[in-house]
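Structure below; questions to follow.
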Amino acid sequence: MYKNSFKIATTLLICVFFWAETFCFASGDQEQSAAADGPQKMLTTYATMANDFFLTFDQGAKEATEALGNEYISATDDRKPEKFISNMSSYAASDVKMMSGYSPTIGSVIEATKLVNREKVFYSNVLEIADWWTPLDAGPYWGMFHFPDARAIGMQGGDVMAEAVGEKGKTLLLLGFPGSKAGNDRGLGYKIALENYPGMEVLAEEYGDFTRDKGYSVTADWIIKYGDTIDGIYCTNTSMAVGAAVACKEAGLTDVKIIGTDANKENMKYLKDGSLYGICGIFGPWLAGHAAVVAYDMYNGWEPTVAETMMSTGFIMLTQDNADWYIDTFCGDNLPYDWKKMSRTLNPDNWDPQNLMVPINPNTFSNWEFVEKPKGYDVPEEYAMALAAGEYKEIRQLYLDHFKDHTTVPPSSSAPYDKVFASNNINDETVVDSVVK
Amino acid sequence: MKESVNKMTALMKYLPLLLLVVVSLFFGILYPRFFSIQNVLNLIRQMSFLMIVSMGMTFIILMGSIDASVGANATFCGVIGALLAPYLGGGAIIIGLLAGAGVGAVNGIIVTKVKVPSFLVTLALMGALDGAALLLMHSSPVNISNQTFLDFSNGSLLFSFPNVDLIPIVIIVICYYIITKTAFGRSLYAIGGNEQATFYSGIKVRHIQVIAFMISGVMSGLAGCLQASMFEAACPYMGNSFLMNSIAAVVIGGTQLSGGVGGPLRTVFGVVLIAIIGSGMNFMGLEPATRQIVTGAIMILAVSVNIDRSKMAYVK
Amino acid sequence: MRGEREILFKAEGITKQFSGVRALNDVSIEIYKNEILGLSGENGAGKSTLMKVIAGVYSKDSGRMFLKDREYNPANYREGTSQGISMVFQEQNLVPNLFGYENIFLSHEKFFLKKSGVLNTKAMIDKTRMYFEQFEIDADPAKRVSSYSFHQRQLVEIVRAFMISELYGITHPFILLDEPTAALAEKERELLFSKVTKYSENATFCLISHRLSEMMTYCNRIMVLRDGELVGEVDPKTSEEHDLHTMMVGREVSRDIYGTSKQEDGFRDEKAMEIKGLTQEGVYEDINIDLNKGMILGLGGLVGCGKRDLGKAIYGITEYQSGNILVNGNSVNKGQISLMVKKRVGYIPAERKGFGIIEYLPVSWNISLPSIFSLSNNVLMKVDRKKESSLIDKYIKRFRIKASPEDMCFSLSGGNQQKVVLAKWIAKNLDIIILDNPTRGVDVGAKEEIYSLLREIVKEGVSILMITDDLLELIGLSNQIVIMKEGRISEIRDAGKNSKPTEKELVQYMV
Amino acid sequence: MTADVKEKAKIDINKIVNLVPIIVIIALMIIFSFLSPAFLRFRNLVEILQLSSIYLLIAAGVTFPILMGSIDLSITGIIVGSGVIAATIAPAGGLFTVFLILFIGLCLGLFNGFLVAKIKLPSFIVTLATNFIYCGIAVALTEGYNINIRSNFFSNISNGRMIPGIPNSIILAGIIYIIFVYLSEKTKTGRYIMAIGGKEDVAARMGINVAKYKIIAFALSGLLIGFGTLFLSARLGMASAQLGSGYIFSTLIAVVVGGTALSGGVGGVRRTILGVLIITILENGMTLGGLDVRIQYMVKAVILIGSVYLISIPDRSRQDLMK
């Protein structure tokens, strides 16, 4: 008996689909005509709302989109690649022409960028990129990749740690979850940095899943195991750092230097009250906003040069000294950026990235240094040619010159960390650029 | 033949303990510090949340139902506690517990009145609670500065024995009493064994089910508030890990999902085992991959040791 | 029919042990073609075991079996069936959620495979339908078995025996019936046996039943087992039921198992329960019954006459549309079991496993279950273990339950399980007990005990409303008999110690 | 006579109840078409189907153990395991990779079945444990990174379009699904699995090799999850230890909403598709409608409980209590 009801089901569904198809062409045309003028839809994708980093990320993208007079859409994927892709393609189906944001796993970048080129959607992304996969591999619709260099962040963390514990001490390393490229590379950078300090050593490293409770429990066990020999803990994000701080406090270890990454409202208080020694800020909201702006510019006819397709972006080190400045500037209700000013199309001459940006040379990209190329893959030679033609140097200079609005640069009073840094791997070894106010 | 059976069952009784001893000895020999008072306290502290939640879960599973909303519920109550802490201080915890009870009641009432299988009701509610919690906390951690609320975990009512270590022990005692000594507990077993027969014996099955769900809710709430006060903030999804772990703990202990067989002490065993292994592997600094494999293997081992097939029609 | 004494099946010196305990000891029987052989004996006498050995469910420890002079030792039940021996089990052997035809050919599908490995469903259904018509079973093969009536399901199992043996090219199946009538009412029982006798023209039957009367009427020979040994053979033609009974228990037994002699008719004339105009459209209508203190009121009628629904409704398991129930003079609102229990009314369902006992809990907990809350002081809800255990021991002794308090209920015999159910209510010292077929699937010995127990508690002023399909039980036990017919009361009749109505008298009001 | 009346009434209820999922689906589609005009775009519907096709295969897979009264919680583990192991052995993305994914899926399922049927452990905990193990293996092999499979053949399995406008994964998944529906309803295997779900002891006595068919059920589950993995990896062009998280609950719910009871013996693979559609349509529609994720959670909860409630009406008329 449920068999025939099932038949009914299928027939009904088929009907609906056909109706839908006819309907879609009708409405489709309307959409097109409507789309021509008036505000456009701009999509920003990110993993989950339940994460302070992405929360401010969302804020940035929203402000930028609305500043450009467009309609803001956000889509989260709970770190599920399949959801991420299907979000993008269903929005592409509904004629969203500008997309930007973060992809849950590095591998899904490939399919995402193929998709935007299939669907002719302008796309710009941040933080995660597939191994050996450049915008030029995907096609013209993938405009720019923004990347605060994870290795450089880690290396800086290492130096700061060494300084904090007087170049001599035992430290621990809390990584994110396995497979988070950013997390692991930060850890790697940290260890590389420590090699310059004979007195420094890494007792143990552990995955803390980027969560406060895991950070707590791992640290608690470390404290039992290593007792009070611990001098410092470097964490690849700040939630774990706070967890570690709580554990130390409970065990009565007061002078353990803890350094975290990603500065956001909620965690600044721990920096202020000294339970954290330092936090590295990577300007999440700015990344989101700038990516949106790039998509917008491309939609309005701007085309990135080869060198611009992959850009390394600025980050800062926060300590008690400049914590207040950061809170005042970035933790208000509105972000301090002038989004319109970032647009190349709205301000062809006096545009301003409002952050330090340096082109990345894929051939020497720190992210891929230890990853072997897939069989038969080669970085498009455009990059090599651009490098040879000196385009990289030009672009680097161009962005430096336009970087006038120094809101993102800490005040010089807050020495020694009064710089905004960005890695620069134009030369073959990774060097860190910095800009002072 | 009865003799041999009895011998077997007697043996079965001690196998789980043996397993526990072996595991902890293993770590103890590797790391002498593993047995230090300090670490024992640390262990209790680390298992405290899971212990509380699993105790609640025991009530439900004994009835043959399941409560998939424990984790989300913990987060939810933690957030409520954290939000109210500035105004009510310690009182916020009470509200948190009440909220937990409320959620439990909703579970129970939907299960008994609307008659949808508990697994689904609680699963759906899990989603709803996650959403509600995120809305309440605006998706970012709610920091707590109110001292009385923080003392709930870090303060100590008894000598210098921190509450985090004290509370789970108290909870164990209470739950053990309720389940094994009271008529309520007895009727839990009866419901798990044969719901209809219990119903026909004039036991108010529906009431008991609702109450059990409420108890489980309160436990989740307690765990949530405790966690919040320990980490000085209510974080998104902080209770997530409770769901699977608590079910695993209960089942590893030998309480059967079909209901009617098992008990609180078995759950304690399950939680302790999970905690010891977890912490032990932290000591060894194992790769996460190896951890997962070990955990899985030990789960299977523990169940095969604990499960009492003589008490089940057939294993599903 | 017993003319040509052709031997169909022969067993020699069958011995079977269960972990040291002798269930069968050197049993040898011969079964003739086309006969209906009765196997009788008390519970634990080994008759079911013998059947299961023959059917291949159990494997014998020693001894030999021959089927038509061929050595026959089946490895499992399936082999038995494929050689033409199949069994109708006491607990039915059908999968409720499968369709009729699926059940019939379960594990014999190989005869209906298409080349593609797909089952030829249509063929199966047609074949089944054909047989159903031939054997006059009005059930739809393409419906779930759970929708069949109990009686239909039994016939289905018998038909399955014929169909499977036919599949394997055996024209003359040997069918073992283990208590087929335990749960059947008078009419259905007759129906079943009329069929069995009819089928026996081209099949052989072996029958176990606790209803000695029907064994006497329908069997050609009756073999009696006691403690795993064959103690003798009874010829129904020449001997009578009482001899059989005596041979079973191995001692002289009273001819009055219902304890009619102990019946007291002079019970007080105060009403324990009044049922006023109870009505549920199409199930039972306008039922008025008065149940006096200390009386056994028997409620009889054909299956489907609504008497069992009535019982459920009175206890509050199901709702009723109109009418009301007074317990000790004050009315109770409907549909609330717990409330009824508070008013000291208890109910013993017919489906023991489903609703009576909790199989995987110990006997002790089962007994104390209804009174558990009253056994606990209200302050901390703590159960008073001393009181509890003394209560339990008391009733285990008094009801002669052959089990220790720790034993799991599922390990008990039907009789003992029923005693446990009875005990758990008496332990709560109630005023009224509603019994639904109290002796279903219980052997004669246990029956007798249960009856005498009922008499005892009645003496203590408990009133009993007994719903039963067993006419003799109805007549033998009750002080007053109410007969229902198609949902209405067709006759109320006093059944005093010396004024017992005959079966005929009652049956006429049923149909 | 009273019985007949009841019987009739029941049938009517069943008729309606069997239509519930379809009604829900259509209602959702209408609502969403108002919420966002883009929803009923042909391309979007195709998108829904493509997403469903993966869910469908996985859900169909786990339906087998559930029909048997067991449960398979190792979904994520098998997805991750089969994908990653296959990709590490054969990253080229040729036919061999395809075969490996399916084969490994099958083996992992077999292992579950072995533990449940031979060692006689409750499936719930077994699959929970093996889930850890399989994920562990995957992480060990990849250190958590993902393995990109850059081969057109491979990605065409999912993204190619033999019929213009309709991705292959939809068609292929459809065919596979139909085959397995057939298998579950028209073959011995399917029938025996149902029988075990209904009354295990009877099934055993009737001569069904229960252990064998338990193992088969889990193996089928593994194989189908393997198929799901194939389309998933093909679509994303990669295998990763992060894939397939969060599939457990949505698929289980899909199965039950489809009308298969967790107690076993009731329902069937055939109806799982409805549950899957409901869930994917819900997600897609709410995302397109621009509903706040947090609200989405709640809406989902309500709709799911609601539809399960409606579906389980006839069962409830039988049993007056629920676990």
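Chains: A, B, C and D, in written order; residue numbering restarts at 1 for each.
Simple rule for what comes next: a contact is a pair of C-beta atoms (placed from the backbone, for glycine too) under 8 Å apart; a residue touches a chain by one contact, two chains touch by 3 or more.
Here the structure is a predicted model, which means the values were calculated and not measured.
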If a chain touches chain A and chain D alike, it appears here: B
Higher-contact pair (C-beta pairs counted), B-C versus C-D: B-C
Chain nearest the global centroid, as defined over all protein CA atoms shown: D
Centroid comparison with chain D (C-alpha atoms), farthest chain: C
Chain centre separation (chain C, chain D; CA means) in Å: 43
Approximate Å spacing (C-alpha centroids) for the pair chain A, chain C: 74
Centre-of-Cα separation between chain B and chain A, whole angstrom: 37
For chain C, residues contacting two or more additional chains: 317
Chain A: positions in contact with at least two other chains: 49, 177-178
Set of chain B residues in contact with two or more other chains: 134, 139, 196, 199, 288-289, 313
In contact (per the touch rule at the top): chain pairs: A-B, A-D, B-C, B-D, C-D
List of chain D residues in touch with chain B within their complex: 68-70, 115-116, 119-126, 128-133, 135-137, 139-140, 144, 200-201, 249, 252-253, 256, 261-262, 264, 293-298, 300-302, 304-305, 308-309, 312, 316, 320-323
Touch list for chain A against partner chain B, complex: 49-52, 55, 177-178, 204-207, 211-213, 216-218, 220-225, 227, 239, 242-243, 246, 250, 264-266, 269
Partner chain C, residues of chain B touching it in the complex: 1, 177-178, 181-184, 186-187, 189-190, 193-194, 196-204, 260-261, 310-313
List of chain C residues in touch with chain D within their complex: 57, 76-79, 81, 89, 93-98, 102, 106-107, 109, 113, 117-119, 121, 147, 149, 282-283, 304, 306, 317, 486-487
Of all residues in chain D, those that touch chain A in their complex: 11, 14-15, 18-19, 21-22, 25-26, 29, 33, 36-45, 47-48, 50-51, 54, 139, 142-148, 150, 155, 232, 235-238, 240-243, 245-246, 259, 270-271, 274, 277, 283-284, 287-288, 290, 293-294
